[in-house]
Every structure is written in C-alpha cells, then in structure tokens.
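We just call them A, B, C and D in the order they show up, numbering each chain from 1.
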C-alpha cells in the first residue's frame, strides 16, 4: 500500500467541475497553498475545475490561495464562518457583485458538521445560533428545558489538506495549530488529498502520535518546501 | 450427511474477496479467522473497535501486552503504519462508512438483508458490543456462517425470528455450502459446492434462492 | 463630557475577576487586551478556537511562526503545559461548558442577556466566526464595552435592535462606567465610577438599572 | 496550577452515593484498577459510595475492579455495551437475581453519547440500532432517504480514568489501546479523576502529543506501579 503520488497534478487530477471541496487551514496556518495553486494551474490550462463549492473557515486573503481561486472565477460558493481577512478583496468584490454564494456557519457548528459528516451522524442539536438569523428555517427542539437548533452533517467530494509527516499508508501528523480543521475534513470527504512536508515509511510515525489515521487519506504528495500563506500575503505575492 | 466446508474453509473463501489495501473489521470469534487466510500478495488493514488500525497476529504466550488487545480482548501486535485512537474516532470510522468490509457471524440472515447475531432471546444477560454499529458502517457487510443451525434448521431465512442486529444491512453471505448475495431483497446464488444440487441447497435454505447469472463452483482448499 | 474608563482600564477591571486556574477565551480584538492585566499571582489558561490551550504573548516581530496563531490570526507563543487539538475538540471545549469564562465585545447587550456583536445589519459581508458558539459555551459569559456608542447612544438596552449573537447568554457587563450583572432578565448594578450619579448612569443606559445590594466604587488604576 | 493530589483517598473523596460514574477502560486495558479499589476501600470503611450508576464498556471481570464493586454491592446500575467477560459472575448473578439494573447501549452509540456529553450536543442521530429492540421508544427520523435513531448525550458526575503521563495541569497521554473511552469520559464528567503512571511538570509533554488537554481534568494521583486488570484476573486475584 502506497498512497503517495509523484506530482501535484496527479494528486488533484480527479477534482471535477461542480464539486464540493473542503480545504484545510485557519487563515494561513494549515493552508495547502501548493495544492490550491495546482488547482488554479489546471483551471488556467483547461478551464476546469470550476463552479466549485469551497468549505474553509475563511474566504481567502490577498491574491493567493483560496482568494486566487476566487479571483480566477473557479468558486461558485463559499461555506465558511468568517469571510474576512487582512485583505478580503477577492471574496468581497464578488460577493457584493452577487457573483459568489455564501453559506455562513458559526465556526463551532462548521467544525461539528464536518465532524458529523465523517462520523456518519446525519444531524445533531447545538445551542449555537438558537434565536439568531443563522438558525432561521432550521428545526429546533427542547432538551432538558433548553432550546437547540438541528444542524446537518457536511460532506465533500474532496478534501485538500496540508500535513507535516505522512507515511505511505496515509497516517498524518500536523504542525502546531495548522491541525485545525484538517483531521475533520479528511474524514468527511470522499477523496482526501494531502500535501505533506515529508513522506516517511510506515512505522516511522509513532502509532500514538498519528493524528489522522490513514483510513481517511487517499493520496499524498510531498511538498518539502511548502510556503506559508501568511508569509506570501505579507510579501504581497499574487498568484 | 451433506458435505460442507469447515469454518476455516468458509473463512478462507471470505478472505479471497478482500482486496489489496482494504480496511477490514472482523467480528469477534469465528470471523477473526479470516485474517489468517489473507492472500499473501494483498495487504488488508484490520480495524478493531477499541482503537487500533493495522494490528497483526497474537504475540507468543507470555509476551502479551494487555494494553494492546482487540475487541475480543485478545492480545495482538502492531504492524508498521498502525495507529491508536479513542472510541469515538474508532466508531466514526465504522459509522462514517470508512471501512471497506465488515465480516460478521450470524444466527439468522433474512433475504431482506436483516441480520440477527446478538441475542438469542430474553433469557440470560444481553450483550451487543459493536455489532449494531458495524452493520451500518462498512461499505460491504458480509456474513460467514454454517448454512444451517446445529439442529439442521436454515439460518438463511425469509424473516429473522431472533432480535435484529440491523435492518437490510448484509450484502453477502459465505456459508458452509454456498456464496449468496443479497440484492433487492432476494438471495442471489453466486457459488455452491460442486457436488450439491440446487434442490438440495434450496431445501436447507429458508427463502427462495434466485439465480442471477452463472453459478460458480465453491471450491476451497483444505486449510 | 463624562469621565469614563479607557478600553485598557475596562480590560483591567475584567481581568480582576478571572480566578486562579481559570480557563478563559478572549474574543478577538479589544477583549484580547484582558490577558495583559492578569494579576501576577493568578494563572489563567487561555483557549483559542483554532486549537490551542495555554498560549502566551505575541513573539517579537520577525520571530513569528505562522502555524502558531490565535483566532485573530495573530502570532502567539506557547506556555509550558500547552496543547494542540483540532477544531471539533476545540469547540467541544466551548460548547461543552468547559471554559470558565468567555469575554467578548458587544454592539448591544439587552437586559435579558441577549447579545448582538457579530453583524451591524444586511450591508457588507457578514462574518460570525466563533462568537455564536462562545456565548453558549463558557460557564460565565462577560462583555467588555464602552457604555455608549460613538454617537452617545446606549449599548445596554431593553431589546437588541441588531442581529443577535445569542439569546439570554451574557451574565456580566464591564463598561466604561459600571459593572453590571444580568440576573433574572434585569440589569443589576454592582459597581459604578465614584463620581458618577445613579441618575447620570441611568440616563445613558437603555433599560432600568436595578440596585440589588451595595453598589461598589469602580476604581481602576491608570494602565 | 497543580492538579495532583497525594493520595487515592483524597482523589476520590467527593464521590458520593447515587452518582453516575464513568470508568475508563475496555476490558482490562485502561482500567483504573487502583482508583476503583480505593472506592471499594472507602465503601468497606464507611458504607459509601453506594447506589452508583457505572458507565463502562463492560460490566466487570472476575473478582476485581468493577466486578468487585458489584460484588461489594456498590452498584445499582450498569450502562454498558457488553456485560460479558471471561468471568462475568459478579454482574450475571446480580442481574439474574434482579439486583442490578442494565442499560444496554451499542458500543459506538455509547462512545458517541459520551462524546456528545462532553461536546455540548444534547442529541444526535445514528443509523445504529434502527429497527432493533434497542431503539424501542426512541425518536426516529429520516435524512436523505435513510432512517436514523435519535440518541441523547451521556454525562456523569465523575469520571475515573487511567493515563500514562499526566502533567500538573492535567494534560494526559495514554498507553497504546488503553486510550479507548477515557478521553471521551474525561470531557463528559463534572469531575475527572486520573490515575497516571507518572506525573511530570508542565512542558514535559509535547503539546502535539497531548491526547486529553488539562481543561478536562480535575485531579491526578500518581500510581507508578499500576496493575493490569487482565493480569490480576489471570492470576485469580479477588479484591
């Protein structure tokens, strides 16, 4: 069993038009910049993938990563909790022009919906958003005297995430707070594609240190010199 | 008495359908035997409910680590690429549809795919473990079982009489006499022992066997 | 113009109520300032939504690690005993009632404990982040805010006019003029600036202030 | 902040009659035998705690641990998935005599209910047990054409668990598959009491290696020579 692939292009080859794609990261930490840019490269060369629904905590920053996907016109809709950033132009312009959709989800509900998607839980109740505009149209129920909102699982056709170590079976570790949504997304997507800083042999990661077990991972590509979105952003890079 | 496969032979046959790279949960007891018969050119990764992926055989007696056990509480070992996780993550793998196949034992399997394998009725102490989760989790839920009970009654039935483990959950049954798929609420015969007539097989089966194409010979080596 | 506390002084006052060993989430922006004023003889452990417990101050410029940030995307450092976890576990801490206190900013707080702090209306791009989770999570949800808006209107009101973050969720408000608890759907005055009359305070408050006991002097050092 | 306490008696001092107590472990792996026996010691000396509801995957084995609690008459009810073991006499005898209650819960549902308790999710839907006797009386609902059973969170007054390393802030690691239910129980209980093989200073555990963050832990006692239930059982030990 060897889930590693040689190139980013091969790793993302089956991402198709109209898919829902979860992209790991919170702001720049954990953002799989190289894989995102590989999607943009493919779109520029072939016109695909387009009409994508992207699930991420944010909606891009500056002119790189998800913001660059939006700029390129690949994204039909964002599902996120916080479509603001230091430089939110890409999303803001398209949103105010009515050219991109938005499903705004409270951050904890977003995380829990993704977790539910991976765990086979089609719906759950949360106190979050009860009585607010974001609960409008959702079923509510009372438990033990308190009101809760019913939320549905969130799944994706593909997840694109960044890991620190990956063994060839797909077991992953993350670096510091770059972990954030990625372990949840890996489990909630039909296909999980990983860029890892280093690919190692099975057994090289302590079984106790594995954060995402390989069962949730389909393909891994090694990007040893991965860039940090925040650093690119501060350097004014546009992709 | 009708010729039939031994439990080991049933397990061998089930093992042949496990593809390279599959994630597999084997129910405790008889199904655990399937692991022994994995074709050597294919790698399956075994999951146990109590929080291990990619465990291996039992260690030699005296070398057990009792923090390293499977769902049947037997001591196991780890293979390279193993991982540990807590019970909620373990059943997220199960319920979330991440396992390729679960192989379970059965008291009864109905042509609807209903399975009864956890309770023989109201007497004694009931115990369910992970069975009800496993039947709704794996992409393919297979059963291995003798074709009939000890007193010769069909285990493949029209409707289960014992308390259900799950509704419409089994997709394939490997028995001591045949390999049968469950499709559209019918038992579809895929393989039977070469010397066994269809009539004789039907006679020990509690619901109609449907022929959905070529019926293969169920040929299993001595194991 | 009425004497009032600076933001730093409001943050200082809020910090005095954080007990030793408390687990605390500070909303992004102004509430982050509370951490600076922790009494040195008490240890609070700060939680950030993106998966860190026990983070510390920002590193010097140029020494940032952009995988080590807080919910406001600012670079932070770790204290001994820190831990990382994923977002579902992070919000299990929040929603599950494991935080002792969350301190948030506000556009409006109603006497019912309703909070509006995420949206100023339908214009622009809406963004909610973790605010709606935090208000239902911590054992104590406190707000720090100027007592009035920039144009002098009350922020403490009978009913919020802006989109709600949560219903009946705030238990204490630290303002530039007073410390007010929300109990039984009423604003109960606990402390006010020494020079400020009750009438003057009531005049800039959008709902009835209730006196539920001794009203202390809100005395805060220059910070 | 120092959550360590000097003695087992101090660690369990506030466990009171009638409480619901989650006890970590799956069979013998992860069973906090010493803390359980400390509860039995207190019961023998004072007649308390009694009338307990115990949440564990199993219902005791042999004459030690949970089985010994049951034998001693401290347990009113078990909430578990599999009340069988190599030597299930203690539970079986009392159950068949009608002297102990049983709430039988499918193992994955038990784990998820405990996880929900810790995560503030009062109810969720699962396919598990739909159409079976264990779903009787529970609400059901259809999502995307499939039927599901509504399950409620499970919380406890106290959790008693076994860890490998604990720092003084309560950050925990576990040993191999001894992890099982313990991280979930730590989060679902009002008070979490830990026996750790070793107590270390904050900072001694890599922040990436922490399995249970200290926020879920209240008290830690060091038991450096902790015994293994399975080994005691095989040696025929009775407590």
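In the analysis below, contacts are C-beta pairs under 8 Å (C-beta built on N, C-alpha and C of every residue); 3 or more make two chains touch, one makes a residue touch a chain.
These figures come from a predicted structure and were not determined experimentally.
Path length between chain A and chain C in the touching-chain graph (shortest route): 1. With centres computed as the average of Cα coordinates, no chain lies farther from chain C than B.
For the pairs B-D and A-B, the larger set of C-beta contacts lies at B-D. Centre-to-centre separation of chain B and chain D, using mean CA positions: 30 Å. Look at where the CA atoms of chain C average out and do the same for chain D: the two points lie 36 Å apart.
Between the CA-based centres of chain B and chain C the separation comes to 56 Å, rounded to the whole angstrom. In chain C, the residues that touch at least two other chains are 52, 84-85, 88, 91, 94-95, 136-137.
Counting partner chains per residue, chain A shows two or more touched chains at residues 112, 115, 119-121, 126-127, 174, 176, 207-208, 211. Shown here, the protein chains touch in an arrangement that is not a line, ring, star or fully connected set.
The chain pairs satisfying the stated touch condition come to A-B, A-C, A-D, B-D, C-D. The touching residues of chain A, when paired with chain B in their complex, are 1, 115, 117-121, 167-169, 171, 187, 201-203, 205, 207-208, 210, 213-216. Chain A meets chain D in the complex at residues 112, 116, 119-127, 141, 143-144, 146, 148, 152, 173-174, 176, 207-209, 211. Remark: chain B residues 48-52, 64-69, 73, 84-88, 90-91, 94-95, 114, 119, 124-133, 136-137, 163-167 touch chain D in the complex. On the side of chain A, the complex with chain C involves touching residues 26-30, 57, 81-86, 88, 91-92, 95-96, 102, 104-112, 114-115, 126-134, 174-184, 211, 228-231. Here chain C touches chain D in the complex through residues 20-21, 23, 43, 45, 47, 52-54, 78-85, 88-89, 91-99, 136-137, going by the rule given at the top.
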